[in-house]
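The structure follows.
Naming follows writing order (A, B, C, D, E and F), and every chain is counted from residue 1.
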Amino acid sequence: MDYLEAIQTNLASPAVLFFVLGLIATAVKTDLRFPEPLYLGLTIYLLVAIGFKGGVAMSVAGMSAVWLPALGATALGASIPLWSYPILRFVGRLPAVDAAAISAHYGSVSAVTFLAAVNYLSELGVPHEPYATAFLAVMESPAIIVGVVLGKLATRQEGVPFYSVMRLALHEALLGRSVFLLVGSLLVGFLCGQRGLTATAGFFVTPFQGVLALFLLDMGMVAARRFGDLRKVGTFLIGFGILMPVIHGMAGIILGYSVGLSLGGATLLGVLAASASYIAAPAAMRMTLPEANPTLYLTSALAITFPFNITFGLPLYYELARWWFGGSK
Amino acid sequence: MDYLEAIQTNLASPAVLFFVLGLIATAVKTDLRFPEPLYLGLTIYLLVAIGFKGGVAMSVAGMSAVWLPALGATALGASIPLWSYPILRFVGRLPAVDAAAISAHYGSVSAVTFLAAVNYLSELGVPHEPYATAFLAVMESPAIIVGVVLGKLATRQEGVPFYSVMRLALHEALLGRSVFLLVGSLLVGFLCGQRGLTATAGFFVTPFQGVLALFLLDMGMVAARRFGDLRKVGTFLIGFGILMPVIHGMAGIILGYSVGLSLGGATLLGVLAASASYIAAPAAMRMTLPEANPTLYLTSALAITFPFNITFGLPLYYELARWWFGGSK
Amino acid sequence: MDYLEAIQTNLASPAVLFFVLGLIATAVKTDLRFPEPLYLGLTIYLLVAIGFKGGVAMSVAGMSAVWLPALGATALGASIPLWSYPILRFVGRLPAVDAAAISAHYGSVSAVTFLAAVNYLSELGVPHEPYATAFLAVMESPAIIVGVVLGKLATRQEGVPFYSVMRLALHEALLGRSVFLLVGSLLVGFLCGQRGLTATAGFFVTPFQGVLALFLLDMGMVAARRFGDLRKVGTFLIGFGILMPVIHGMAGIILGYSVGLSLGGATLLGVLAASASYIAAPAAMRMTLPEANPTLYLTSALAITFPFNITFGLPLYYELARWWFGGSK
Amino acid sequence: MKLVTIVGEALARERVTRLLSEEGARGYTLFAVEGTGAKGSRVADIEEFTNIKIEVIVPEPIARRLLERIQRELLPHFAMIVFETDVRVLRHEKF
Amino acid sequence: MKLVTIVGEALARERVTRLLSEEGARGYTLFAVEGTGAKGSRVADIEEFTNIKIEVIVPEPIARRLLERIQRELLPHFAMIVFETDVRVLRHEKF
Amino acid sequence: MKLVTIVGEALARERVTRLLSEEGARGYTLFAVEGTGAKGSRVADIEEFTNIKIEVIVPEPIARRLLERIQRELLPHFAMIVFETDVRVLRHEKF
């Protein structure tokens, strides 16, 4: 199977097709919309289900299998802003605070991209460590904290003292809605174990794939609504939003290989590294670095990187992983 | 099985009983209500699920099986306003613009009535073409466009130019929420094929019947809230709202028979013809023919025809189809 | 199995762990929240599903099996305020109207506590009469009516005539949202029978346990938000909110044993008696006894009795039932 | 014309709307809101802890009577605030 | 500055917002509400029976033109009320 | 009494409510709205693109201080409008 075939498989899955339908919905100006409570309900369901199942998988696999790759994932998430920031600042010539905010987004992760990747691997029949959700959970916060530190070090003008901003940043990064739900459900799953999953599989497993497809319809509409801002962000950021994910993806794959993950697991780690947060990170940035321009980071994360990853990125990362693992069909 | 038995089977199904419970909820003034986001969520789910499954069925059956009955259905939908309009105008003595608006509603279709019919047929164990959803999809828009043309030809006073109203009408008819979701999901299903359905059946198939039952509880409340307007619409419209569906139902059955549909498929085409839109059509009429009185068309579609079809209509159309197909048990 | 083990089993179930996660969510001030439409949607689902399944079970078991325990449950619900009122009034020295309002809450029932108990019994593998939902349905209203009568007899100052308040109380008690949904769905299930359940099990049965777990996450947040009011209600009410449920639980168990219920059924009747309403009763009280202080009854029902019952109460009532039934392992 | 606005606990809804129609208001507008005040925070997650905002446009004499009755009958029992604003309406005769 | 408020059926949304931008309003705020009036109760359960409230802050001359056009073009066909309030804004030049 | 109304991006919520309590407001009312303005359209489908409307009734001196601080601390960074209306309240001492 080559890259073209891999793309085709991905594009023919309900999840990706519904995402494209969402893009179209916005383009043709239909009056379809998912009201916020519905969006929130779907988000809560997806995060709780993935967290819970990941926690059960962790309780089965044992912490000894999880800690090393999880540590690696944390470190990778925390370092991405360290090289993204100078690129944005000095190559892209962006203001310091914007460079910091954007780098935080690319170090953090997108849960929906991760879910689409899991979906894609299971369409291909590629197995992966079921506790990979743990990597998602640990990668959401570190980059946010690093990004805020970078932003605050670079811009000192404000009256607000450094430590109070950092308290806010820590609160947002560790206790924001999505992090809390994911980590909390992971814990619940870990404590219940397999028995708890058996009792609730009819809700957390059976409808999961379909709910994800429906959610991607909504995300397609949300992402497409930002397309109008593409001309505001400039070509540098468009290039950044496509190239950097590929580099981060490769880094994640290599890391996954090094810490002993399977082909599927390394692909997922690559996808996480490649993905950019558009929920936890924007909220944290608005709170802690309000001087940063939200159009820049929202548009690049939501209107460039997210659609790229969902459609062409997933098969690409998988092919890269196969290449690195030496499996040439 | 005779008509009485057929009615009984229908009335004993959860969907219809929950509909009746909804009627009662409004009658006894309980404070139960489905907030709009919940209603929208259920609508989106039902339309996406039915469209998706219909699309998969089309990909299995092939376009060659679908195009002829779909063309017939389109033509039937577009013609219903042509005879309904003069009846409303000259027998019912309604103002031209009201006659046009009402005729658009009766030419268009009600997705929920269709779903209740599918439900009913499967309770009876009567098979039907699984791609019948395609007929639902193609019948929603044509009558709306015809109705707006009729209304605009009859009333020229307004300053708004004809072509700009028609642009609005086309947009509403073709890209309104329900049409877009249905047609879009049909396409997605068609492109994924059976494999996409297998992956998502736990969401789009497993809970479907139950969700429909819950939705009908809501629709019962919504419909009953219009009962108070029945005295405002007059006996002519009440008669029209019950008799015309039966005539349209017979026309749909005969058409289905002629284009080679099975007994079940012809019944469904009859139900579609008999049903009156209360979502796509009202929205389009408010936009394009705001002079038309919404009490008239909403009450007749929602408080007369819809409850009649759900309770007594479905078994009646099935009996009519059996009679036409010559199957006297 | 002793009480400690029983508690452990209960605390390791997903439902209870998600409840605890909800408590934590509020404690750490995460910005997670379930918007009202989502909460309403979950409530409607749970009530309709439990009612419907209970009704089907009744249609299978026949009214002859149900009427005696249901009558007993009604009587127990109606009498609980009769002894709670004097305790609150004369031991707790609460104003008459507050004593009446609180006693109504403890005579009425909490559907979620009941569901958690059903969940717990099925984790233990303890069978119970599947029509036990009928007891839930009949116990919700009587205590509310008795409580309002007590409150109105004690406080006559208001200009509003007694009979008009009683009409309001009857309307709220019999046609309030939760009572209506439960009783209505029970009826629908009773009329459809097993066949209706088979058709809709993919929605009303398959995901049920998981939805309950998610709902308890929300209820945990709601309950914890009242913890701040604990110091306002005083130690007497805190003691009342823990001790009285145990006494009522024992009364329910003994009653269940006397009318011939199984061990599981008697436990459920005990749980119902022990539980305090925090939905139907507060709404009814605000309408009919607005002079009563809502902080008192909401806090004791929602922040004391509900969490106690969910965590330590359920295993306790089960152990009490085993002891009364003479089964000492 | 006067715009009378009432913000308070959702469970008072019936009481307020009945009072409005008794005093002759020809219509009203209503929606759910969150709020914080002397009687704590209402975060609008469950009905017991939701506020509603009710807005009603009435001629001055009705406004006066409304405010009086709300003051007397509702404010003692319900978490609620009430205020009045001057507005200019289209179609005076409607109100 | 004038705050012009329009409360009426949700299906008129497009018509109102188009009119606002034609008359030069630089922004508006909008949300769903329930309501009761001469044309019955809108309980906000389905879109056909939902009201929306649209609020727009504009300088006085624009407000006058807006009200005139709404009066002429929308009020005859839609269940709707309109009113105007005086407000003091921060950053005058924004409106 | 003054009614101060703030309409702006939902993510500014914490900042606004903290400021309100620092200045001594005794309560506030808050709800989600859609809106369009200089900083684009907020369609209220996801939190990042939702507006909230915050209304607070305060005595005139507090209103003045509030407006000043909002002007200085929030308007430069957040998509937001602020305006003030005169209202007559029941129970003056509450605010």
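Assume contacts are C-beta pairs under 8 Å (C-beta built on N, C-alpha and C of every residue); 3 or more make two chains touch, one makes a residue touch a chain.
Keep in mind the model is a prediction, meaning the values are calculated, not measured.
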Response to the item:
Intersection of contact sets, chain B vs chain D, gives C, E
Worksheet item: Computing the C-alpha centre of each chain, which chain sits at the greatest distance from chain C?
Response: E
Practice prompt. Starting from the mean Cα coordinates of chain B and chain C, work out the distance between those two points in Å.
Written response: 41
Discussion item. With centres defined as the mean C-alpha position, give me the chain E-chain F separation in Å.
Written reply: 21
Worksheet item: Distance from the CA centroid of chain B to that of chain E, rounded to the nearest Å?
Response: 33
Discussion item. Can you list every residue of chain B that touches 2 or more other chains, as numbers and ranges?
Written reply: 34-38, 41, 206-207, 283
Item to complete: Find every residue in chain D that makes contact with two or more other chains and list them.
Response: 31-32, 85-86
Worksheet item: Which chain pairs here would you call touching?
Response: A-B, A-C, A-F, B-C, B-E, C-D, D-E, D-F, E-F
Worksheet item: Which bits of chain D are touching chain F when the two form their complex?
Response: 5, 7, 31-38, 51, 53, 67, 70-71, 75, 81-86
Worksheet item: Which residues of chain C touch chain B in their complex?
Response: 35-38, 40-41, 44-45, 48, 52, 171, 175-177, 180-181, 184-185, 187-188, 191-193, 196, 199-204, 206-207, 283
Fill in: chain F residues within the chain D interface of the complex
1, 3, 17, 26-31, 57, 85-91, 94
Discussion item. Can you tell me which positions in chain A touch chain F when the two form their complex?
Written reply: 33-36, 39, 218, 221-222, 225, 229, 278-279, 282-283, 286-287, 290-291, 294, 298
Worksheet entry | chain F residues touching chain A - in the complex, by the definition given at the top | 9, 11-12, 14-15, 32, 40-41, 43-50, 77-78
